[in-house]
Amino acid sequence: MILPDIQNTTPEFKIPIDKVGIKNLKYPIKVLDRNKGLQATIGEFNIYVDLPSRFKGTHMSRFVEVLNEFKDEIHIKNIGMILKKLKERLNAKSAHLEVFFPYFIEKKAPITNALGLMEYQAFVKASLYSKIKEGEDLILGVKVPVMTLCPCSKSISKFGAHNQRGLITIAVKFKKFIWLEELIEIAEKSASSPVYPILKRPDEKFVTEKAYENPKFVEDVARTVAEKLLSRKEIYWFSVEVENFESIHGHNAYAFLEIKRD
Amino acid sequence: MILPDIQNTTPEFKIPIDKVGIKNLKYPIKVLDRNKGLQATIGEFNIYVDLPSRFKGTHMSRFVEVLNEFKDEIHIKNIGMILKKLKERLNAKSAHLEVFFPYFIEKKAPITNALGLMEYQAFVKASLYSKIKEGEDLILGVKVPVMTLCPCSKSISKFGAHNQRGLITIAVKFKKFIWLEELIEIAEKSASSPVYPILKRPDEKFVTEKAYENPKFVEDVARTVAEKLLSRKEIYWFSVEVENFESIHGHNAYAFLEIKRD
Amino acid sequence: MILPDIQNTTPEFKIPIDKVGIKNLKYPIKVLDRNKGLQATIGEFNIYVDLPSRFKGTHMSRFVEVLNEFKDEIHIKNIGMILKKLKERLNAKSAHLEVFFPYFIEKKAPITNALGLMEYQAFVKASLYSKIKEGEDLILGVKVPVMTLCPCSKSISKFGAHNQRGLITIAVKFKKFIWLEELIEIAEKSASSPVYPILKRPDEKFVTEKAYENPKFVEDVARTVAEKLLSRKEIYWFSVEVENFESIHGHNAYAFLEIKRD
Amino acid sequence: MILPDIQNTTPEFKIPIDKVGIKNLKYPIKVLDRNKGLQATIGEFNIYVDLPSRFKGTHMSRFVEVLNEFKDEIHIKNIGMILKKLKERLNAKSAHLEVFFPYFIEKKAPITNALGLMEYQAFVKASLYSKIKEGEDLILGVKVPVMTLCPCSKSISKFGAHNQRGLITIAVKFKKFIWLEELIEIAEKSASSPVYPILKRPDEKFVTEKAYENPKFVEDVARTVAEKLLSRKEIYWFSVEVENFESIHGHNAYAFLEIKRD
């Protein structure tokens, strides 16, 4: 029995669709890890192609099929290949892939060297268009929890200073590969202090004092990250977001900047 | 045309169902406000009844119909009536209603008296059983963001102390009505400092110094809240949860206790 | 005692910041309602200004102060005024406001006319720049849950067809005011069927049969919405997103298109 | 330098705390997989102990240290050991561990056998008290997305029937180990149809028709799961939750039941 292919029929309204595909598909992946080579983790995927005005629908099952073909080899080096296959298999002019995943790094406490695993939310967003613009459409990003201590509070108070967990989101486009570890390091060095999975008392003392001596507004953090990213010539575009879960308010403080290099 | 009532037929497996109904229904409500009498807000409802083993299904549309009949009069004083109507309309032995809603209180900054609105997430959970046990099954609760400053960090550090936003969740059963405002006051007085919608510099100085002089672990906060609730004789059960968004970690610190009075 | 104004000092890195301000502030608001004039609801605000490279920080308390001054008059007609005040009070060249809020419309069941309240998530995003470009930077949007029935499934199956809840997100820029109610109507007419708060059995029969006779892919829904928006000359930009919580998969189907009129 | 141990001092209010510890800690884990032996995934942990009234605070860093010691060996067989170590290390009378994790199973499409990976959210909740009650306090659970087709809609409509994605949550306590795969199978066999990662057209036809021939209310699904769990004598307690993302409403339908065997 031949089942009709409704997707290939003509739509009522001939309007091209920018992106059509699947959202929130979870899939185990491997990502490049500076120390271990590869790290196994779990990705949440959004995958789209464009749809010309003459086709009623795309073929949703093929998106998952393409992922399946790469199976144990879904990592950043293969994303160009995945997009290429998606474009081919779906007869599309453009293909887009977004994947969000937890990434773990072993981290030592600053004084006792107590080891623990820190988790970071990372992401890759990639697009492939008909005319390939090399590297141009890959964004690598990561969210890094940090500690920020308020310069105003420190300056006006007899003792103490309010501080809080903040979240730095860095996204970059680059000409030469950059490790997630490098972006994380940039973020952690730009705040009042990094945060840690394990802190024994001597470590907690160190972190508390370090943050107190190193006060930063969200604005300061965003600019410090930007300054460090500007010094990396292989990065030709980036955005920095900093969100502070203010300890003195129920709402958050926020800063955002975006720089495209000439 | 008479449409068959499938719900009233006999199910394949004659197993009674504890709770059946609707979830995540949003509805505008009025809640009791100590200052203004009534406050308009928006509730998210879960509403259930039990279903005896002999009926295949409940009648989902009646849950919304009952809410509709109360329309502008959905507040805590009417919850008993709503549950009673639900039980009747659905021929049930028990009825359950949970509603979660934002609640606003005007709050002054501690020094400048700058006025702003603080939002708290509040909730009511109520059950009515066949034999009415007066008052016994109503829980009133609220989540209160606060500031906590770590006693350990303060004690071991030359200067400063890590602090962060925490969230206190209080739930109570009572014999005599208690205002949300009272629970919020108890929570805010049990932390290192309340948080505020607006703080000018003199206020920020005050809050910073107050928190520094008033360090509290999550455990301390939970116990202080409990101590205050124990002094209120009209409360015969309560639970206290405290969650700290630790400024030195990516994960949270947590304490929970529950006390039922004899 | 004069407290130092750290925000007004010079930053270490003189990099301009695109957006700085507050996030996730909840505040009661009034929004324009086609039937009732005004509807009271609760907004979640993000409010930002730009920060020139020469200033270390913005003054976060002023964002909430400005909101407070408008208090009971926070609705779409006043957004231009709010942005203007923000720009002035914070000495900024640009100001941005995003507000997300639940919006309720009374809705009749299609056959029995049973009345209930439907909730929609709506939003406004507005920006004001130094040189005012009239109307250009206001986006009005709404998320509308609908029912979609799969044309492929219907066409290939002997009976039945898989269907599911979908969510249409419309965002528009316009030259002449458009009601949320109009956007909602466009969305609901573009799916296989609207969804309803209350359906009695004759209504459920009607909706089931209507959806079966009116199958739509996410692509069809997106295009039908686009076609309807294109016929409204006062709209000069729009985007349409459709997400289907596929009943046959654990992941979602998705379509997106954006059109800017010449 | 010896840093003071504030946690070991006496609290202001001598109230025992039921649970104190850490929340939302992400950590890579291995879980038992019926086909592959072990499956690598990522857990989100809540870990608590009790705190007697005489101690001011617990030692938060030790929770993460204990996890670290098990590192690559965090799976269900070791949970008893982890709890034991927690109790010892923290001098507690009880220890509690909750872990939530995505779990993947390779799944064939029903007709074409197209292979894909299905993701399920699973969880383990375990407690250890001073007097060990063997096995008594371990709960294994899983959330299974399924398809449900409304019996009422089918019965009253000329053609078609509304259907939707539903989510079944099963939690069990057992005397003899049960695989997650078994719980998932029970859930998938209790709905109108399982859902799949990949469906080609012949599969979609099959699923559509199967669901149409197999209509189920949330109540029916809950009871069918319960019936199947009752036939497994090694299970001495279970709860079943079913939530339908109704395709004809903006809110959800819900059923819950809990059975403790004598």
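The first chain written gets the first letter, and so on, giving A, B, C and D; residue counts start at 1 in each chain.
Keep this in mind: a contact is a pair of C-beta atoms (placed from the backbone, for glycine too) under 8 Å apart; a residue touches a chain by one contact, two chains touch by 3 or more.
Every value quoted in this text rests on a predicted model; they were computed, and no experiment measured them.
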Over-half contact-pair match to A-C, picked out of the listed pairs B-D, B-C or A-D: B-D
Centroid-based (C-alpha) most distant chain relative to chain C: D
Interface residue overlap between copies chain A and chain B, same or different (over half shared): same
Chain B-chain C separation of Cα centroids, rounded to whole Å: 28
Averaged-CA centre spacing for the pair chain D and chain C, given as whole angstrom: 35
CA centroid of chain B to CA centroid of chain D, Å: 25
For chain C, residues contacting two or more additional chains: 3, 25-26, 64, 119, 152, 156, 197, 199, 201, 205, 251
Parts of chain C lying in touch with chain B, wherever the complex brings them together: 3, 5, 25-28, 40-42, 61, 64-65, 68, 102, 104, 114-117, 119, 197-202, 205
Residues of chain B defined as touching chain D within the complex: 3-4, 6-7, 11-13, 15-26, 46, 48, 51, 56-58, 60, 64, 151-152, 155-156, 217-220, 222-224, 226-227, 243, 251-259
Partner chain A, residues of chain B touching it in the complex: 118-119, 145, 147-150, 152-153, 156-165, 193, 195-197, 199, 201, 204-205, 207-209, 211-212, 245-251
